[in-house]
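Written below as structure tokens is the structure these notes are about.
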Amino acid sequence: MDFTPQNPDFATVVAESFARQGLMKALGIELAEVLPGRCVLAAGHRAGLLQQHGYFHGALIGAMLDCAGGYAGYSLMPTGSEVLTTEYKVNFLAAAQGEQLVVRGKVVKSGRTLTVTTAEAFCVQDGAERLCAVMLQSLIRVPAEGEPKP
Amino acid sequence: MDFTPQNPDFATVVAESFARQGLMKALGIELAEVLPGRCVLAAGHRAGLLQQHGYFHGALIGAMLDCAGGYAGYSLMPTGSEVLTTEYKVNFLAAAQGEQLVVRGKVVKSGRTLTVTTAEAFCVQDGAERLCAVMLQSLIRVPAEGEPKP
Amino acid sequence: MDFTPQNPDFATVVAESFARQGLMKALGIELAEVLPGRCVLAAGHRAGLLQQHGYFHGALIGAMLDCAGGYAGYSLMPTGSEVLTTEYKVNFLAAAQGEQLVVRGKVVKSGRTLTVTTAEAFCVQDGAERLCAVMLQSLIRVPAEGEPKP
Amino acid sequence: MDFTPQNPDFATVVAESFARQGLMKALGIELAEVLPGRCVLAAGHRAGLLQQHGYFHGALIGAMLDCAGGYAGYSLMPTGSEVLTTEYKVNFLAAAQGEQLVVRGKVVKSGRTLTVTTAEAFCVQDGAERLCAVMLQSLIRVPAEGEPKP
């Protein structure tokens, strides 16, 4: 599915918003790619991202899936909009073992008020990717000042 | 609903597992209370927990909801078990503004293989609690060695 | 939680909308009770509501949970509004065996645009209720004509 | 993704189970196709499948999504297994207007105990398909007699 961004500066807008997220900075999560309706996040293996058995923590994976979906949706919104997650759900498929976690979000339906996205989390081990979690998410657009509020 | 723990040392088992989670330590999340079928986590306001508008990050709230539900379920499992989240979903109700975040998980149904939990996230502002997110979750019990594997 | 309805005729509005739902009529589902922010549906045991083992079909339970939550939310909306489910999720807790299914929906958060609800499904066997499924749902209000559209 | 069925008679097993579902019969839903890890259901426009505005009822769409995912998963299970939905979630994307509803389920991950599936619902209008809902689901396999129970 191809999406046409309403804001030509979408990549800058996403990057600036991401840079202001204290949580993403604290966790060392990297914004790897932003395309219209798509966003990729990545994280390397570090003690502060793990659960009790040394795998990437499911709650971290959920957090990255939420963010990747959120920024995929945000990339299609008009100038001046803000975005909020209203809900998301995650299914875990495999233990997240590996040297890196790569999370890819993409828009399923971009509406004026609500956007629906999905995202997939892959762990990279010895260079091979393995799908370890999937997400489904709803976003709400907060209109820019001057637009009628929903 | 009252639950009878199968492992009399459930509180110690939960605390030791929580202490081994690098992510919870990195985020400074505190295990505030463990009762049979219940678990409370708390976090104070810090830059590393926030999103771009200075509120607690939704992805952090999701992570704490997942953990609180997971440890609520784990508290009822027999000695030697391990617990994995198979899926969870979060609905956000209000902007998470305040000086503290308190997340309370509890078991809805504790089965031999699968457990279902819910959790609620409250932000505390000027001493008053406000419900800001709710969660519904499935856990799977990984049996101790020697038990038949599911 | 107590809710004050914005439309004094909320019970009539809900009943009239329910009566226009061909699916509910075809399935013989009964609107048992409507209170502000609450709705109860019921169905008796009949071949057309069952799955392959003679229990109430999970998909029927999901359908009733969706409707009960939707009408719980609709009961709080201003005159002239319409309501749409944007998403829901169901966890099944026990086989739905019994002579009747009773589903109770209630509002968690009623917003101007979005409403969040939960619902519980109980099977009644020999007069005793057993919780067999839980739901979490988002609704969107479609404003009456003349209101600014979201 | 290609799946190899463990039961060579998977298509017959699925069709026989589907035929025993009173709810599917009552609703006139048709089992259109079964392939390894895939299942397609279809329903024509009829008063008994609609909501109050004459569209296909969201609760019907949810029911078909649940079933299509369930039988997609069941097609990969070994002889003698039974399947239960443990949870599912649906996001609605567009009003389900049209002369037919087609729902396609497919397996994301097939495990020994748990299976994760997705499904998409399309409404067909003047011969063109439009995506109107997406689902994410967990199934549990109930082993055949003689197998160790989970």
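We just call them A, B, C and D in the order they show up, numbering each chain from 1.
Following the convention adopted for this analysis, contacts are C-beta pairs under 8 Å (C-beta built on N, C-alpha and C of every residue); 3 or more make two chains touch, one makes a residue touch a chain.
The structure displayed is predicted, hence computed values, not measured ones.
Visitor: So which one's got more C-beta contacts, B-D or C-D?
Guide: If we tally the contacting C-beta pairs, C-D comes out ahead.
Visitor: Please compute the C-alpha centroid of subunit A, do the same for subunit D, then give the distance between them in whole Å.
Guide: Here the centre of subunit D sits 28 Å away from the centre of subunit A.
Visitor: Provide the C-alpha centroid distance between subunit B and subunit D, rounded to the nearest whole angstrom.
Guide: 32
Visitor: Report the inter-centroid distance (CA atoms only) between subunit C and subunit D in whole Å.
Guide: Their C-alpha centroids are separated by 22 Å.
Visitor: Which subunit D residues sit where two or more other chains touch them?
Guide: Only 86-87, 89, 91, 138 qualify.
Visitor: With chains as vertices joined when they touch, what's the shape: line, ring, star, complete or other?
Guide: Here the contact pattern is complete, since every chain touches every other one.
Visitor: Mind pulling up the subunit C residues that touch subunit B in the complex?
Guide: Residues 89, 91, 93-94, 108-109, 116, 118, 131, 134, 136, 138.
Visitor: Residue numbers of subunit D touching subunit C in their complex, please.
Guide: Interface residues on the subunit D side: 17-18, 20-23, 25-27, 46-53, 57-60, 62-64, 66-67, 82, 84-92.
Visitor: Contact residues on subunit C for subunit A in the complex?
Guide: 86-87, 89, 112-114, 138, 140, 148-150
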